[in-house]
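I have placed the structure first, in the form of structure tokens, so that the comments after it can refer back to it.
To keep things simple, chains are lettered A, B and C as they appear, and every chain counts its residues starting from 1.
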Amino acid sequence: MSASLALPHRARRLRAIPGFGLAFGIALFWLSAIVLVPLLALLLRPFELGLVGLWASLTEPRVLAALRLSFGAALLAAALALPLGLLLAWAVVRLRFPGRALLDAAIDLPFALPTAVAGVALTALLSPNGWVGAPLAALFGWRIAFTPAGIVVALLFVALPFIARTVEPVLRDLGREAEEAAATLGATRFQTLRRVVLPALAPALLTGFGLGFARAVGEYGSVIFIAGNMPMISEIAPLLITIRLEQFDYAGAAAIGLAMLLLAFAVLLALNLAQRALRRGWA
Amino acid sequence: MRPSIPAGRRAFLAAPALLALPARAQGVRELLNVSYDPTRELFRDYSAHFVREWQAQHRQTVRVNNSHGGSGRQARSVIDGLAADVVTLALAYDVDAIAERGLIAKDWITRLPQNSAPYTSTIVFLIRKGNPKGLRDWPDLVKPGVAIITPNPKTSGGARWNYLAAWASAKKHGQDPEEFLGRLFRQVPVLDTGARGSTTSFVQRGQGDVLLAWENEAHLALKEFGAGQLEIVYPPLSILAEPSVAVVDANAERRGTRDLAEAYLRGLYAPAGQEVAVKHFYRPRDEALLAKHAQRFPPLELVTIDGAFGGWAEAQRTHFSDGGVFDRIYRPGR
Amino acid sequence: MNAAEDPRWLRALVAALALLVGLLLLALPLAAVFTEALRRGWEVALEAILEPDSLAAIRLTLLVAAISVPLNTVGGLAAAWCIAKHDFPGRRLLVVLVELPFSVSPVISGLVFVLIFGLQGWLGPWLQARHIQVIFALPALVLATLFVTFPFVARTVLPLMQEQGRAEEEAAATLGADGWQIFRRVTLPNIRWALLAGVLLCNARAMGEFGAVSVVSGHIRGQTNTMPLHVEILYNEYQFAGAFAVAALLALLGLVTLAAKSVLERWSGRAVGEAG
């Protein structure tokens, strides 16, 4: 839409700030060496199987079940993290209460805690003889560790800070003027939240959802301890990759890796489009 | 581009780099033993013994490095270039896989006595004290309400022995082995990737009624976690597990460690090496020593992989490869 | 009461709920780590950390972070500067590519380097013939860590750079400053706090990475074990107190990093507040 408009604009800007060549060179070299060339290997390796072999290797029931589980659990975890992350961000930005600074710092904890440590700790907590698992089992008969529910909890832990930290700055920027204006115009509090606050937060929420999902879908270290790892039931796709590697099936392992990458990309692309539509509708 | 990092941070970066310079003395020869999970304690002891012995005989200081992990994963690491001088893995199949890539001579299994397995083990049941579910033999495992803990045969060497022992028993009892294994694995609530993970699930997390484990692993768990809670049950029939050892020829040649590597493996067959094996609950090859410890290693009927399954290549293809019998167990609709 | 304000009870409820979520999901796992670490007393925990293999793991972890964090800082800054301060075809694509490693499973991040540098991979035989060890040694550990922590610096500084616009840089260019001078004298001072926050975050992640590093490390005690891998080893040796002690130390390193980051953010917040 804006191509014809952008061109002269770009031409004016192109030479405005010097030093582009060197910086771009560094960025491109760095990107190629660390990310692009390695991913090229992932892209090419599966085709050793041939197209038919590749398709067969990806449509095995166990692979399909693992992919379904990984993407389902990651989407569910990101969806659960959405209200929780919003809650945390809202409390940290809008409210003043004892322990607020501590809560603010704690949000980043999943970034800092090594994933394997988080996995062991969560398993210890949620297993039927753990601090949390024991009462849940006794009161409700719930089993969380070693079931898909345990996977969702671990992924929730991993995804939560992404959503809280993406929403937080937007919420801070938003200020209260718009809300106050809405109130002056006679809107109820609920109407204000729904018509003013939520639309303003929606793009950030979507971004956070995307980041949290992307991080969760490939998570390995924290899930492997708590999952139970039953084929067809609680076996995640990254585990299946390592299993194939251990059977010396490099191409098969890379095939699952490639499939995960493409599926994750499709989800992120869909989110991106949704976000663009949201922005347009809002503007 | 350094100035993008503040000076203080640069000093901080430099400090650990200096600390990390390897404190490797001149003239120390190194040997890397790549092994599987349950042998950590065994090889920590044995390596110390070997270093002393070599020092006394050759006036050379040797440093033995150990790497442990799931047997299959370790084999893959060697195939991908981990510079192991010797491998001591859970099963011959994993050594064969390395040999197939040309890193070990194809006839490795005949180069050392007794199938290149200096000690053996078998599969036993580790159960809760008092045997509340009355588990004595393989058929008891599939009684309703019994939860079984075993690692995944796809990723764990020990689990493959578990699986094959169960198969052999079902055949002996005249049951359909595939049907029996299907029932058994449907009663497994947690399928860890390695033997150690399963032991933790069983003992620490309190999962399941019985752990199918290496004999040595069961004894070690008993020792570590107290005999007050756990008991070992020897089923009437099990499998003779022969963990294989081999010199990785390509690496030993390249690194000039062949003499060390061969001495390291041969020493496992010597009396002192056999004693270390006994100490860590592996069955020694030395008949007299085995008889002396009959209390610790009660005799039981043992089938062999060659006798009952036609060798590892055959067993692997039939049972554990993609689309094999094990995969069929988890096919939906059964 | 202002109509834009929530009633007092509702605010209290939201705060309580947030604290509950924080406690259950975030604080409890951390508490479990420290409880387990100290179960057998300080001495056992300290002993596990001071044991030679643990010290080697700590050194290796710091070394890997010390190499990969500066490299990613340089690369991340260069990419962010290009994206924020210049127009060029493919800018959007660069943004996507910079974020790409976030959506790649750590297992895959390790796998790709095996596919390239492994003995069965593209470069493995060539490297081995020249006695260069990449995979299962320090270079591979650094590469895997670089891959995983790649987007952190760029992602933290980019939004700020974009928000600050280009007016200052363009003014400097009119006055005849070259690119390097502009970057150092104009852009860098403006983003220094965000940059430090990004570096710290990158560092925390670099020290704690498990999945990717696990694939490319040979798991040799005292040589190629980083701290997270050493935790796994101790745990597998039934040295639970020791495993959690090393884990607690690792968590502590992360917490110190985070504390430093939030202090920085408070400072920078104040600086922005004063400026505005």
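By our rule, a residue touches a chain if its C-beta (ideal position, glycine included) is under 8 Å from a C-beta of that chain, and two chains touch if they have at least 3 such contacts.
Per UniProt, the chains are A = Sulfate transport system permease protein CysT; B = Sulfate ABC transporter substrate-binding protein; C = Sulfate ABC transporter permease subunit CysW.
Since this is a predicted model, take the numbers as computed values, not measurements.
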What's the contact topology between the chains, one of line, ring, star, complete, other? complete
If you count the C-beta pairs in contact for each pair of chains, which pair comes out on top? A-C
Please compute the C-alpha centroid of subunit A, do the same for subunit C, then give the distance between them in whole Å. 16
CA centroid of subunit A to CA centroid of subunit B, Å: 37
Among the residues of subunit B, pick out those that touch two or more other chains and give their numbers. 1, 79, 197
What parts of subunit C, by residue number, touch at least two of the other chains? 74, 78, 114, 120-121, 235
The positions of subunit A in contact with two or more other chains are 26, 124, 242, 245
Please output the residues of subunit B touching subunit C within their complex, sorted ascending. 1, 3-5, 9, 13-14, 16-17, 19-20, 32, 34, 37, 40-41, 65-69, 77, 79-83, 101, 194, 196-197, 200, 204, 220, 224-225, 254
Okay, in this complex, where on subunit C does subunit B touch? 59-60, 62-63, 66-67, 69-70, 73-74, 77-78, 114, 117-121, 124, 128, 131, 133, 135-136, 184, 188, 195, 199, 218-223, 233, 235-238, 240
The subunit A residues in contact with subunit C across the complex are 9-10, 13-14, 16-20, 22-24, 26-27, 30-31, 34-39, 41-42, 45, 84, 87-88, 90-92, 95, 97, 99-101, 103-118, 120-122, 124-125, 131-132, 156-157, 160, 169, 176, 179-180, 182-184, 187, 189, 192, 211, 214-215, 217-221, 237-238, 241-242, 245, 250, 253-254, 257, 260-261, 264-265, 268
Of all residues in subunit A, which touch subunit B in the complex? 26, 60-62, 123-124, 127-130, 145-146, 224-225, 228-232, 235, 239, 242-243, 245-249, 252
Inside the complex, what are the residues of subunit B that reach subunit A? 1, 70, 72-73, 75-76, 79, 97, 152, 154-155, 188-193, 197, 201, 205-207, 321-323, 327, 330-332
